[in-house]
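Next, two complexes with chain A in common: one pairs it with chain B, the other with chain C.
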Partner chain A sequence: MARKLLLEKAHVENIRYYDVYRREGGYRSVEKALKSMNPDEVTEEVKKSGLRGRGGAGFPTGMKWSFLAKPEGVPRYLVVNADESEPGTFKDRYLMEFIPHLLIEGMIVSSFALGANRSYIYIRGEYWWIVDILEQAIQEARNNGWLGKNIQGSGFDCDIFVQRGAGAYICGEETALIESLEGKRGNPRIKPPFPAVKGLWDSPTVVNNVETIAAVVPIINEGGEEYAKIGVGKSTGTKLISACGNLKKPGVYEIDMTISVEEFIFSDEYCGGIANGKRLKACIPGGSSVPILPANLLLKTAKGETRMMNYESLSDGGFATGSMMGSGGFIVLDEDQCVVKHTYTLARFYRHESCGQCSPCREGTGWMEKLLLRLENGQGKSSDIDLLWDIQRKIEGNTICPLGDAAAWPVAAAIRHFRDEFEWHVTNAAEAQTRNFGLAHYAEPLVVQS
Partner chain B sequence: MIQFSDKKLQEVQQIIARYPDGKQRSAVIPVLHLAQQEFGGWLDVPVMDYVASLLQLKPIEVYEVATFYSMFNLKPVGKYMFEVCQTGPCMLRGSDDIIAYIGEKLGIKPGETTADGMFTLKTVECLGACGYAPMMQMGKYYKEHLTKEKVDQIIADCRREAGLVANN
Partner chain C sequence: MSDQLFKVTIDNITVEVPAGTTILMAARQIGGDVTPPAMCFYSKLQGSGGKCRTCLVEVSKGSEKDPRPMPKLVASCRTTVMDGMEVKNITSERVLDARAGVTEFLLLNHPSIARFVTRLVSVICRTSAMNMAKKVPAMNFPAALSRKKILDHIYSYI
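And now, the complex of A and B:
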């Protein structure tokens, strides 16, 4: 059984409430940090832990914290990014719903490290009921002296507020999130200046994902070096994976990044294999933006090595034959599923969510959606596939924020690995219109582990 | 006359207090949520103007926000809004069938409201419930693992709640 650091206690009855959470060892990291450490020492532990941002980019958290500007007399802010909107990703929601105090605890310690006296949780508007859960937890923490003035006699003041968004994927991008928190449209800002220098209300700001901040709790409790011993290489600690699609047991799993992709999909401890006795066709392992991989490249790298569930292994081979860990949104397609149709729904998603600031993204996402729909409906031409390739290339790297790349990559990877399925839609136009899936049995038959 | 109750006005003050002095513009999204709930489930222009006046903003500063975020309704919606997710992971688990079934049951297409003003069917993009697909949002909560039977039940429950069963 893999080591669990975040969800170990998530299913203790009533862990959502303060008394139970505290009884189970909650808020120890706040006691430790505030009573026996200074802010720089907390940051140092996070650096030692090797923790990487869990929102998708995988940037080292300790390093991000150390970039925070600290001009005299200017407030600093911590903003937790709970705008979880990347298709396939529903891990932060799970954490906040089941064990909200873990996030609050992590925020207090992190705010102490950063010198932030006012911190915000920016949560996507659709997670409406979770706002109540978080506000209840914050109230309990305040009533028990973990928030407010002079926390536990340390002289450190901190308050946490929940800000509910209103439906915009783009607000998961940190500068768009800051704009939204300031009461504006979620249009990403041009960087630099980075939020660490000029963020919320022009003050130095750190924006971190929910899971990242929650991971600070075990890091402080056990020490950064202990945390770094879990996992492999630069993939330290544990990672939440939200698994969905055609799986027997979709859901949220905490892994220690030493297991193989095959084990994650097929073992009963995790997803339990493909639903309805079907075979594995393809998978998007890290949220809809990262490249889709066909089954053979998913389970083994191009070099023939077993592909593991960690940052390095998932990206082995670059975009030519690899993918990314991303947000941990693990989307599985079985043999009956159509890559063209799936890619079309993602293109529609990105067109819907483009903020419209940059023309390559604003226009390009719409063109890609239209071309993919045409192909899916059997009304496409062979040249449409090349056009699609051309458009995605002209979006990538040409926009203010990474949404452009995020929209381009899934289309590129689908064509790269499943070009024959796109061509099938052109050459079998009539069948493409009546059948809801593309090339069945595309994936090589697999030996399914018991 | 568009006017929050005293209780709601207090809530607005509490929202403004979450931000440093002079940063009440940050309250625009939370206050628009509140206004949408209070004034019939959508944001008519006079409602947005009222929010602007409360926060000392120019009306355009409220309009540009209200038109950006998908949860703000800019035209009337039904008493119950079914917001069914249609993005990849839900599609893999049959969201197309669920959308078609709801449409057929209610006699409306996505984006439409039933003539009696009871139901609105809307297709939405990923709501972060991919492992529990197909799913939809209904008000504050999610309805997950949807089946046709479950949809029947939800519609029946809504009708019962609205006291319309006797008229059917």
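And now, the complex of A and C:
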């Protein structure tokens, strides 16, 4: 049985309310941090824990915190990124909905470490009911002296505000989030300057994912070194995975990054296998913007090793034969799913969510969507596939923010691994309207060339 | 700070500029083919630039202190120079490729594409190289353009 840190108490009755949460050992980390540690020690603990950002990029959190500029007389801010809009990712919603106090506890400790007296939760507008849950939790914490002036007699002031977004995917990008928080249109800024130097209202700002901030609580409670013992290599601690798609038991699971992908999909403890007795065709292991992998490459790496659920193993082989951990949105496709249609759905999403600021992303995402729609409708030409490849290559890396890359990677990976399915859509256009391509060789065991 | 002079090398030509100058303005001091084209950047307008991505350049050496190259192509109109920075513009295949891609994206959904191609190419050539502008013929495109023809035309002048 895997160790649980974040969701351990998630199903205790009424854990959403302060009294129960406190009785179950809540706010111990705040007591420990404020009374026996100084801010640098907290940052040092987080560094020792090897905690990596859970929002997608996997950047070490402790290092990010130490980059924060600390000029005299300028306020610093902590912003929690709860704008979880990636298709397939819903782990933060689960966390905030069931144990909102864990996030608030983590935010108080993190604010203390960063010296931020005002912290914000930027939550996506569609999570309207979670705003109420968070507001209520903040009110409870404030009534019990965990927020406001002079917290628990330590002399540290901290307050948390919840800000609702208006439903834009791009506002999950940290600089666009800051723009939106300032009341402007959510357009990503050109970096540098980075938010750690000039972020919210031109002050140093740290933007972290909900899960990252929540993970600070067990780190402080147990100590960074204890936390680093969980997991393997540079993938320390536990990770929330939101599994969805053609699975018997989709949902949010907490894993300790030592299990294999095969175990995660097929064991009864986790997803319980593919629904309706079908076979696995492909999987996106980390939210819609990471490359899709066919079943044979998903379960085994190109070198023939078993693929594990952690940052290193999932990205083994680069983008040619690997993928990314991303934000943990685990989307599984069975043999009845059409990869062309799937890619079209993602391309449509990115065309809709592109902010339109810089040319490659604004024009390229729309072009890719049109071509994929044409292929899906059976009017495609074989040159369209090469054209798609050409377009994604020209978008990737040439844009201001990572949305351009995120739009290009799924298309690139789909063509790289499922080219015969695209070609089948061109050559058998009429048939493609009535039946799917099926499994082909994607699920066959991988032949390892030695 | 502002009277400090930074040495920048753009396409193997070294120039000294005051601190805080952008790569684009440094390249304009050199002039000629070295200057990247810039469409959304207007030097007198604060905060402009960085959007059209035609001015992308490759920074092959960050600075004297930190010689690591920048992993991505950067918008030269919004990136300030560092001492000892080395920039590749027309000597980098990657830049030319990306720039042709960006230009293609810009032309993609334009209603009067034929007229626009001519104008865009002349704008790019004028900003990138004064002497090159003379070489640009007044092209009349047929109403229906193939992608290849547009691309060939763009590639031949960037």
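As a convention for this text, the second predicted complex is superposed on the first by the 435 of 450 C-alpha atoms of A that agree within 3 Å, B and C clash if a C-alpha of one lies under 4 Å from a C-alpha of the other, contacts with A are read in each partner's own complex, and residues count from 1 in each chain.
As a convention for this text, a residue touches a chain if its C-beta (ideal position, glycine included) is under 8 Å from a C-beta of that chain, and two chains touch if they have at least 3 such contacts.
Keep in mind that this is a model prediction, so the values were computed, not measured.
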Practice item. Consider chain A as the common anchor and indicate whether chain B and chain C clash or fit when overlaid. Key: fit
Review point. Which holds for A:F349: it touches chain B only (first), chain C only (second), both, or neither?
Key: first
Check your understanding: Vertex at chain A, arms to chain B and chain C: angle between C-alpha centres to the nearest 10°?
Key -> 90
Review point. Where does A:P360 make contact in the superposed view: on chain B (first), on chain C (second), on both, or on neither?
Key: second
**Study point:** First, second, both or neither for A:G318, with chain B first and chain C second
**Key:** neither
Practice item. Considering only touches as defined above, state whether A:N398 meets chain B (first), chain C (second), both or neither. Key: second
Review point. A:I190 contacts which: chain B (first), chain C (second), both, neither?
Key: second
**Study point:** Touching partner for A:G148 - first (chain B), second (chain C), both, neither
**Key:** neither
Check your understanding: More residues of chain A are touched by which chain, chain B or chain C?
Key -> B
Check your understanding: Taking the superposed arrangement, what is the smallest distance in Å from a C-alpha atom of chain B to one of chain C?
Key -> 17
Check your understanding: Do chain B and chain C touch any of the same residues on chain A, and if so, which?
Key -> none
Check your understanding: Which of the residues in chain A end up touching chain B in this complex?
Key -> 75, 84-90, 93, 118, 124-129, 161, 163-169, 180-186, 201, 242-246, 250-252, 284, 288, 329, 331, 333, 337, 341-342, 345-346, 348-349, 352-353, 355
**Study point:** chain A residues within the chain C interface of the complex
**Key:** 190, 357-360, 362-364, 366-367, 387, 393-395, 397-400
Exercise for review: Within their complex, state which residues of chain B touch chain A.
Suggested key: 18, 20, 23, 25-30, 32-33, 61, 64-65, 68-72, 86-89, 91-93, 124-133, 137, 139-142
Point to revise | Residues of chain C defined as touching chain A within the complex | key: 50-54, 56, 72-73, 75, 78, 97-98, 101-102, 104-106, 108-109, 147
